[in-house]
Amino acid sequence: MEVAEPAGIYVYSDTELDRAEGEAIESLKAHCQQPIPDPDEWLEEEVRRNILLTSIDFMLNWARRSSLWPAICFPACCAFELIAANASRFDLSRFGMEILRASPRQADLMITAGTLTWKMAPQVKRIYDQMAEPKWVIAMGACGISGGIFRSSYNVVPGYNRIVPVDVYVPGCPPRPEALIYGIRMLHHKISKGRAIEG
Amino acid sequence: MILALSGKEVAAQLEQQFPGSIIESSENNLLAKSESLLDIAEYLKSSPELDFDYLNYITAVDYYDYFEVVYQFTSLKHNHSLVLKTRCYDRENPTVPSIVRLYQGADFQEREIYDLMGISFNGHPNLKRIFLWEGFHGHPLRKDYL
Amino acid sequence: MILNPSLNLEHYWQTLPPDWPGGFWWHWLVFTVIIIAFVLTLVMGYIWIERRGMARMQARLGPNRAGPFGLLQPVADAIKVLIKEDIIPANADKIVHWLAPVVAFVPVLMIFAVVPFQDGALLADLNIGILYVVAISSVSTVGIFMAGWGSNSKYSLLGAMRNVAAVVSYEIPLMLSVISVVLIAGSLSMNQIVMAQNIPFILLQPLGFLLFFIAGCAEINRSPFDLMEADSELVAGFHTEYSGMKFALFYLVEYAEALAISAIITTLFLGGWRGPVLPPWLWFVLKVIIVFFVMVWTRTTLPRVRIDQLMALAWKFLFPLALINLIITGIQVLAWPEALPGVMILVNIAIMVILVLLWSRFFKLGWGRVEV
Amino acid sequence: MAIKTEPFVLNIGPVHPSTHGVFRMRATLDGEVIIDMEPIFGYLHRGIEKLAEERTYTGVIPLTDRLDYIASMSNNLAYVLAVEKLVGIPVPERAEYLRVIMAELQRIAAYLIAVGAFLNECGAFFTPFLYMFREREKIIDLFEMVSGQRLLYNYMRVGGVSQDIPEEFLPALDKFVREMPGFIDEYDRLLAENEILLARAKGVGILTKEMAINCSVSGPVLRASGVKWDIRKADPYSIYDRFEFEIPTGEVGDCYDRYRVRIEEMRQSLRIIEQAMEQIPSGTVKSEVPYLIRPPAGEAYAHIETPKGELGFYLVSDNSIAPYRCHIRAPSLMNLTVLREMVIGWKIQDAIIIFGSIDITVGEVDR
């Protein structure tokens, strides 16, 4: 049997872009060996606020927590529990979360559903950097918290908190949608304690 | 049921066609010289009574002394299969001829073996890392990978 | 005028045409406020209807935590988006990037200047009302293209390109089907068109309504023609790089355009504010909401067409049908100016059915690779 | 004046709404038309093959769950079949039936996602997807009954399954099997004859028979190209030779055929489940297997038909408690070989739905 040799089939693009990507990964890997501390200072803070500021804060926080739009960052298995949470039975849209913004610039919340590899890490960091303030991160699943079952692998980042600061950890492999919703409720509590105006 | 062809029978055929190309053969598989791999694959694919048109998988195993590259072919028409193996003893720069020109399905698998096992495939049009990035040190599936 | 405080406003009021009620400035002020309030309120209502309606159609509940029945959900969204960080990409063309949402938003708001909320209740009863609408509504495309170009992102640029292509093609069937309405009404003024609708024009112009609805949906990029922000392909289309308040403006534009198109459809085809029992403005709002609901319905049901099929639809289906519709309407208006409406309705509906069936038999959208 | 144009490179992914995870296509575009495309993956390369080498034979089963995470029952099955082939462990009759039921349920669940995602990528704004997810939840409930997990079941064991089904499982399954054909018809009606869907999917991304075979494509993609090749029939593993079912094939090999084949295979899977439910015997579900399996030195390859195609495990044993080498023949990876040739010359929108119709899971591509 003669193998037809289609023209142009085996022409691939140059490796320059790949090399640049590799360098980015290596430099990120060198910089992100320690976990980033969780942004939890608000827990200790007790501040005196007057009534006006409190009610403004209340309104802003209410708005923020009522319309958390998740960014799309679903590397692996947990994504399907996240989609299940979004689907009819668990229905995240009750909390106004059904708008999955594909563009990170319009999203508020990154739900990191799945294992993070070093090759993926620069992109996740980039998504996080592209999101507009205020922004939050939920680390979903064992892989997102610590690398989980794949922690000992050569290409797996042991937890998203090496790359981005994480607000809420939802354990499980994968967490059930109920667990995810509980995590989101916890994030709501956290948001409602935030202060928009220093005082 | 897919009939697993006896390596010995096929080896006899191949020995006629390409003398000295088969190192050893058993009931399950046959071991070919890596230099004559391309010829054998071409014969397996074009011979009407064998007609191996479907490549199941390619994989490589690290046995410390040598690398073994394993091919399994199936004939969708005759419903039989064959396991073909070849070895390369060079640990520094192991090379095996590429069969991409015959079986395009080998494209990503050969790249995968190149990436994870460090065996380069002669004649592959686009042999570069597939899963790991350019500049990754070492080949993880080798047994001596740290 | 404003700069000169000593100017005698009374003098101006007297020189105004007599059909401006209550004097020029008061009229201007009141209706500007009304229009802005109307657009903002109804856009929020639209967002709520779309999210709740879509959720119901997809066997979900939809937002129900913010306020009763989730009614405050759009308010929460609005507040949140407005106080979010506003990012301008480093490589963006800053001025164009900054100006784009404004250029896109203002024309949409300006459309409502000629939309009558009830008899005579409109900002400017232009005698070329509908022409003004068609002219001004195309301007927001410039804003969208500026957004695509200024963002310096490939997805944005592709989205903007698609939008321009769609709008340029769909203007023609849109305009042609409007002309048929104008022929019957005998006026370009929106208010006069409403006054002429003793029976809604949707019955006299069923084909015209269909063409206008499809072309209008395509023009404002509602699904199945939402190519410019196609979620599954172009991430977020032309506003991929926008965040915060500017994104809010684009979000507003999207729904305000839908509102504008449904207001125009209401005015041209559904009898505008006319209706029994209820007050006229309520009729208007009700009809607008019904039209929008149909748009939500199509969005949840239909897949998206491809860009060349979008063009094919405009030039192979809508354009010839609109021409034929125009000719038939012209003949009808000329030959039987006093014809019984009942007969006209039946004849026109029959013509529509025959034409649509014939055309869908002659032309397919095209399977496989179709180049236009 | 001639307008000067030049092609430009567009990165689709790795994070993109319709790349089924983290997959990247580096496309060179001429306007909207793709003139060159290079698939780039590895963004989810977790080194499962390496991790398997440091675990016991039973310990690898949870890893296989996470390969094709929307069809983990099938992955489990392929792996345990490979180990059983290596060691020569018999499987009790009841366990065989349970395995078949689970695998076929899993096939339906995975096809629901595949078809739903495909329609979603055509632009049908989540509606078919959410309806199909509704039915998938019912299957997941059944799985939860037997394994206690919703996604990664870890249910199959070497020499059987981990536990017997609870009492309420068979009535629930019976109810599901009776209801499901109606739902499949409903989904089919939802969009099957829709003019826009036909225009988008018919004749788009044609994969010829020769090309499909040469590129080692398997599963629904291969069958949609007109090759009647299903490992359940061609090389019956487990007890598939006892059931009657058809192999649906397509004619042209376009996206629409792949969609039809998947819908049709869901019906066939229901038929298999019905037959298995009638025939299932009572008895034990796990044969006596030592905790630490120590197979004789040798090698084995077992392959099954998963929703994605031919999933095979090539195991090499050196008579220790851990596999010496565990190679996974991932159907998603093989099916991607054809992607490049299929999308060149098409528009971006087509590329997205061609990609969607191949239906990959990145966890399996990258492993």
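Lettered A, B, C and D in written order, each chain numbered from 1.
Following the convention adopted for this analysis, contacts are C-beta pairs under 8 Å (C-beta built on N, C-alpha and C of every residue); 3 or more make two chains touch, one makes a residue touch a chain.
Values in this document were obtained by computation on a predicted structure and should not be read as measured data.
Peer 1: Which pair, A-B or A-D, has more C-beta contacts?
Peer 2: A-D
Peer 1: Taking each chain's centre as the mean of its CA atoms, how far is chain B from chain C in angstrom?
Peer 2: Computed value for the inter-centroid distance: 63 Å.
Peer 1: Mind checking the centre-to-centre distance between chain A and chain B? Centres are C-alpha means, answer in whole Å.
Peer 2: Centres of chain A and chain B (C-alpha means) sit 42 Å apart.
Peer 1: Where the CA atoms of chain A average out and where those of chain D average out, how many Å apart are those spots?
Peer 2: The mean C-alpha positions of chain A and chain D differ by 27 Å.
Peer 1: With chain centres taken as the means of their Cα atoms, state the distance from chain C to chain D in Å.
Peer 2: Centres of chain C and chain D (C-alpha means) sit 44 Å apart.
Peer 1: Provide the list of chain A residues touching at least two other chains, using ranges where the numbers run on.
Peer 2: In chain A, residues 3, 11-12, 18, 87-88, 102, 119, 154-155 touch at least two other chains, as defined above.
Peer 1: Which positions in chain C touch two or more other chains at once?
Peer 2: In chain C, the residues touching two or more other chains are 58-60, 231, 235.
Peer 1: If you look at chain B, which of its residues touch at least two other chains?
Peer 2: If we look for residues of chain B contacting two or more partner chains, we find 53, 129, 131-133, 140, 145.
Peer 1: Which chains touch, pair by pair?
Peer 2: A-B, A-C, A-D, B-D, C-D
Peer 1: Per the contact definition, I'd like the list of chain D residues that touch chain A in the complex.
Peer 2: 9, 14-17, 21-22, 26, 28, 36, 38, 40, 42-48, 50-51, 54, 62-63, 66, 69-70, 113, 129-131, 133-134, 136-137, 140, 150-152, 214, 340-341, 362-363
Peer 1: Would you mind writing out the residues of chain A in touch with chain C in their complex?
Peer 2: 59-60, 62-64, 66-67, 87-88, 91, 93-96, 98, 101-103, 105-106, 108, 130, 132-134, 196
Peer 1: What residues of chain D sit close enough to touch chain B in their complex?
Peer 2: 41-42, 45, 47, 49-50, 211, 213-217, 227, 229, 234-236, 301, 303, 310, 312, 314, 316, 324-325, 327, 329, 333-334, 336-337, 366-367
Peer 1: Which of the residues in chain C end up touching chain A in this complex?
Peer 2: 51, 55, 58-66, 70, 72-73, 75-81, 83-87, 231, 235-236, 239-244, 247
Peer 1: Which of the residues in chain A end up touching chain B in this complex?
Peer 2: Per the stated touch rule, the residues are 1, 3, 5, 10-12, 15, 18-19, 21-23, 25-26, 118-119, 154-155.
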